[in-house]
Amino acid sequence: MNARTLLARLSRLDRRAVFAAIAVVVVLPFLSPFELRAKPSPETLAFDAAVEKAIASGKPLLVDVDFGPQTMAEMEPMLLALLDRVFAAKCKVVFVTFITEASSPLRRYLEKMEAKHGLVYGEDYVFLGYASAYAYTMYGMGTSIGAYFHADDRGTKIAELPLMRRVKSLKDVSAVVNIAANSFPRFWVQYGVAPFGFDLIVGATAVNATDYYPYLQTGQIKGLLAGGRAAAEYEGLLVDRGILPKAGDATRGLGSQSLALAVILAFIAIGNAAYFLGRRGGAKGAKP
Amino acid sequence: MKRILGYRLPAALLLVLGLFMAIQYYVPHPLVQRPKELILQWKQPINAYIIFLAIGGLVAMHVRRVLKRKERWGYSVITLASAAAMTFLGLAYGVQDDTVFADWFAYLVTPIEATMFSLLAFFVASAAFRAFRARTVGATILLVSASIVMLGMIPTVQDAIPPLGDAAEFLLRYPNTAAKRAIMVGVALGAISVSLKAIFGIDKTILTKGE
Amino acid sequence: MSGDPYIWIAALLTLGVFSFLVEDNPVFCAIEHLLVGLSTGYMFCVYWHRVFVPELVKPLWESPLGAEAHLWVVVAICLLWSCKYIERVKDLAKIALAFWLAVDLGLAIPTEMDAGVIAQVMGTIDVRFDGTPVEVVGDLVLLFGTVAALTYFIFSKAHRGVLGASAKVGTWVIMIGFGASFSYTILSRIYLLIGRVLFLLRDWLGVVG
C-alpha cells in the first residue's frame, strides 16, 4: 500500500474513530503524573497587573460573573483564581451577574470563599444578584447602583449593607472585572467604559477572546484572560507568588489540551496531504 | 383610530424617545438625566415580563403537542413535567443555595448543559479533519495562521521553538486585531445607520409593517 | 467511586448525552427535553424572585403612590405588550414595542460611535514609532491591515484597480483573523470536554486526585 492510498483511506476515516481518538488523548494525561506549565502571555500579565493595581488602590472591586454551565470548565478556574487573589489581599468586592444561570453557581463559589477566607457578608463582599436588561443596567450603574437593585441576592435592602454605603455607583469602584462567556465585555466597553471611563479587566472564553484584542490595543480593556490556557497561566503566576498553594483545574487540563491540539493538527495535515496527493494523482492520470 | 394607535403613535414615540436617548448621552443636566434614569429602570421588569410571555408560549406549544398527540409528544410530557417541578420547587422553597431547587440546578441542569457543549470538541475535530482544506489562497492563509497559533499554544512546542510562540502572539496582536477592528467598525457604522433610519421612519420596520 | 446519589445522577446524565456521539437515540432526546423543561422552570423562578417581585411588585405594593409611582408606567407597558395575543387590540402592542426599540436604538447611536468607531480609529492611527522594531512593524500592519480590511466591505463600488488590490489584501488580513479565531475556538471546545472528563474521572469514579 503506497502513501497516497494510505492517506486517502485515512482521510475517509469514520467520524466515530476521530471521536474515539479525541476521547483517548483527553483522558490519558489525567492518568499520568506529568503536569505542564504555561508561559504567561502579555495579555495575562496585563490582566494580573490590572488586578494588582485595582487591589492597591484600596477601593472596592466590582466583579461581574457571566458564565453558565456550558462554559464552566473554562471559566470556573479563572474566577476561582481571581477570587482567591482578591480575597487573600482583603479587597472588598461587589458581585453582580447578568445571566440567570450564573447566580446559582456563584452563590456556591462565594460560600466556599467565605469559609476559606473568613469573610463577612455585607462588609467584605456583597452579591447584588441577577439583573436583567444588561446593557441598560450597566449604563445606569454608572450613575447609581441603588436605582437598579432595590435589594441584594438575599433580599436585604441595599442601604442596610455597610459595603454598599461606600459603593453608590461605578465611580466608587477601582475597576470592573468581567468574567464572561458571552459578548458582555463588549457591552461593558460600550455602555460603561465609553461614558464613565473606569478600568475594565476581562476574563473571556477563548472563542470570544480574539474579538477583544482591538479593545485591549486601545486601552478600553486593561487586561485579558483568553480561555482555559490563560487561566492556567494566571494560576501559575499566583502559585509562584505563594498566593495559591497549588495550581487548579486549568493547569491540570493543559496536558490534555496540548495532546488534543497536536492530534487535531495531525488530522488536518493528513486530510490536506491526502487532498493534495489525490489532486496530483488525478492530474497525472489526466495526461495523455 | 387604528391608524393613529397602531402606526402614527408608535412611530412618533420611536422618533421622540429615540432622539431623547441619543441626545441625553451628551447632556448632563438633571432635567434630562432624571427621565433617562427612570426609563432605564423600567427596562428590567419589562424584560422579565417579556420572558414570562415567551415561557408561556413555549409551554402552550408543548401542551398543544400533547393534547393533539403530535409526533414525539412523549418528549413534550417530559418537558412539561420537569418545567412544572422546577417551577414549583423554586416558587415554594426559594432559589437560595441550600434548597432542592439549587441542587437540581447543580446536579441536573449543569451536567447536561456542560456535556452538550463539550460534544462540540468532538465535532470541531471531525469538521477540521474533513473540511479544512487549503483549496484557495484565502483558505491556505487561514490554515497557516490557525496552525501557527495552535502550535504556539502548546507549552512544550513554545519552549522548544520560542519564535513560534512569538509568531502566534504577533498574529493575534496585529493582523487579528486589524481584521476584528475592521469588522467592529463596519458593524458599528451599520448599527448607527440602521438606528437612525428606524428612528426617523425611513426604513420599513415591524412597526410600519402592514400600514 | 462517589457515594453521593446526586453525583451518580449527574454522571449518568453526562454519559447519556455522550451517547449521541455513537448515534442519535431516545435517551439523548429525553435528556434534551428534560434540559429544556428544567431550564425553563429555573429561568422563570430566577426572574420572578430576583427581578419581577423586588423591582416591580414589592415597590408598588409598599408605596403605590409614593417615590416608586413611576413604575405604573411599567405595568401599562406590560399590559400593552400582552395585547398582541388579542386579535382586536393587537396593534396596541406596537406602542410597547416602539418604547422598547426607541431606548435600544437611541442609546446605540452615541455609544457605538464613541466605543466602536472613534476609539477604534484613534487606536488604529496611533503608530508608536519610538517602540521596538517588532512594535513599529506591528503597528504599521495594524494600520494598513485595518484600512485594507475595511475596503473589502465597500460593496457599492466594483473591486478594481487600487480598491481591488486593497480589498484583496483585506481578505488576507481577515483570513488571518479567522484562522486565529478558529484555533482559539478549538482550544475553547477542548477545555469544555476536559471539564466533563475531569468530573467523570475525579468526582464520580475517583481515579484521579
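Order of writing sets the chain letters: A, B and C. Residues in each chain are counted from 1.
Basically, a residue touches a chain if its C-beta (ideal position, glycine included) is under 8 Å from a C-beta of that chain, and two chains touch if they have at least 3 such contacts.
Remember, it's a predicted structure, so these values are computed and weren't measured experimentally.
Colleague: Think of each chain as a node with edges to the chains it touches; is that a line, ring, star, complete or other?
Modeller: complete
Colleague: Which chain has its Cα centroid closest to the overall Cα centroid?
Modeller: Ranked by how close its C-alpha centre lies to the overall one, first comes C.
Colleague: Any idea how many Å lie between the Cα centroids of chain B and chain C?
Modeller: Roughly 3 Å, centre to centre.
Colleague: Centroid of chain A to centroid of chain B, CA atoms only: how many Å?
Modeller: 17
Colleague: Which positions in chain A are in touch with at least two other chains?
Modeller: Residues 19, 22, 26, 70-73, 101, 103-104, 131-132, 136, 139, 195, 210-211, 214, 217, 229, 257, 260-261, 264 of chain A each touch two or more of the other chains.
Colleague: By the touch rule stated above, which residues of chain C touch at least two different other chains?
Modeller: Counting only residues that touch two or more other chains, chain C contributes 21, 39, 42-43, 46-47, 50-51, 55, 103, 107, 111-112, 115-116, 120, 123, 142, 177, 180-181, 184-187, 189-190, 192-193, 195-196.
Colleague: In chain B, what residues contact two or more other chains?
Modeller: Expected reply: 25, 40-41, 43-44, 46-48, 51, 95, 105-106, 109-114, 116-118, 121-122, 124-125, 128, 143, 147, 150, 153, 172-173, 176-177, 180-181, 184.
Colleague: In their complex, what parts of chain A are in touch with chain B?
Modeller: Contacts found on chain A: 11, 13, 15, 18-19, 21-23, 26, 36-39, 41-42, 68-73, 101, 103-105, 107-108, 111, 131-133, 136-137, 139-140, 143-144, 147-148, 154, 195, 210-211, 213-214, 217, 229, 254, 257-258, 260-265, 267-268, 270-272, 275-276.
Colleague: Of all residues in chain A, which touch chain C in the complex?
Modeller: Residues of chain A touching chain C: 16, 19, 22, 26-27, 30-31, 70-74, 76, 100-101, 103-104, 129-132, 135-136, 139, 150-151, 153, 155, 189-191, 193-195, 205-207, 209-211, 214, 217-220, 226-229, 249, 252-253, 256-257, 260-261, 264.
Colleague: Touching residues of chain C toward chain B in the complex: what are they?
Modeller: 6-7, 9-11, 13-14, 17-18, 20-21, 29-52, 55-56, 70-71, 73-74, 77-78, 81-82, 91-92, 94-103, 105-113, 115-117, 120-121, 123-124, 134, 138-139, 141-142, 145-146, 148-150, 152-153, 170-187, 189-190, 192-193, 195-196, 199
Colleague: Quick check: in the complex, which residue numbers of chain C touch chain A?
Modeller: My answer: residues 21-22, 39, 42-43, 46-47, 50-51, 54-55, 58-59, 103, 107, 111-112, 114-116, 119-120, 122-123, 142, 177, 180-181, 184-198, 201, 207-208.
Colleague: In the complex, go through chain B and note every residue touching chain A.
Modeller: 25, 33, 37, 40-41, 43-44, 46-48, 51, 95-97, 102, 105-106, 109-114, 116-118, 121-122, 124-126, 128-130, 132-135, 143, 147, 150-151, 153-156, 158-159, 165, 169, 172-173, 176-177, 180-181, 184
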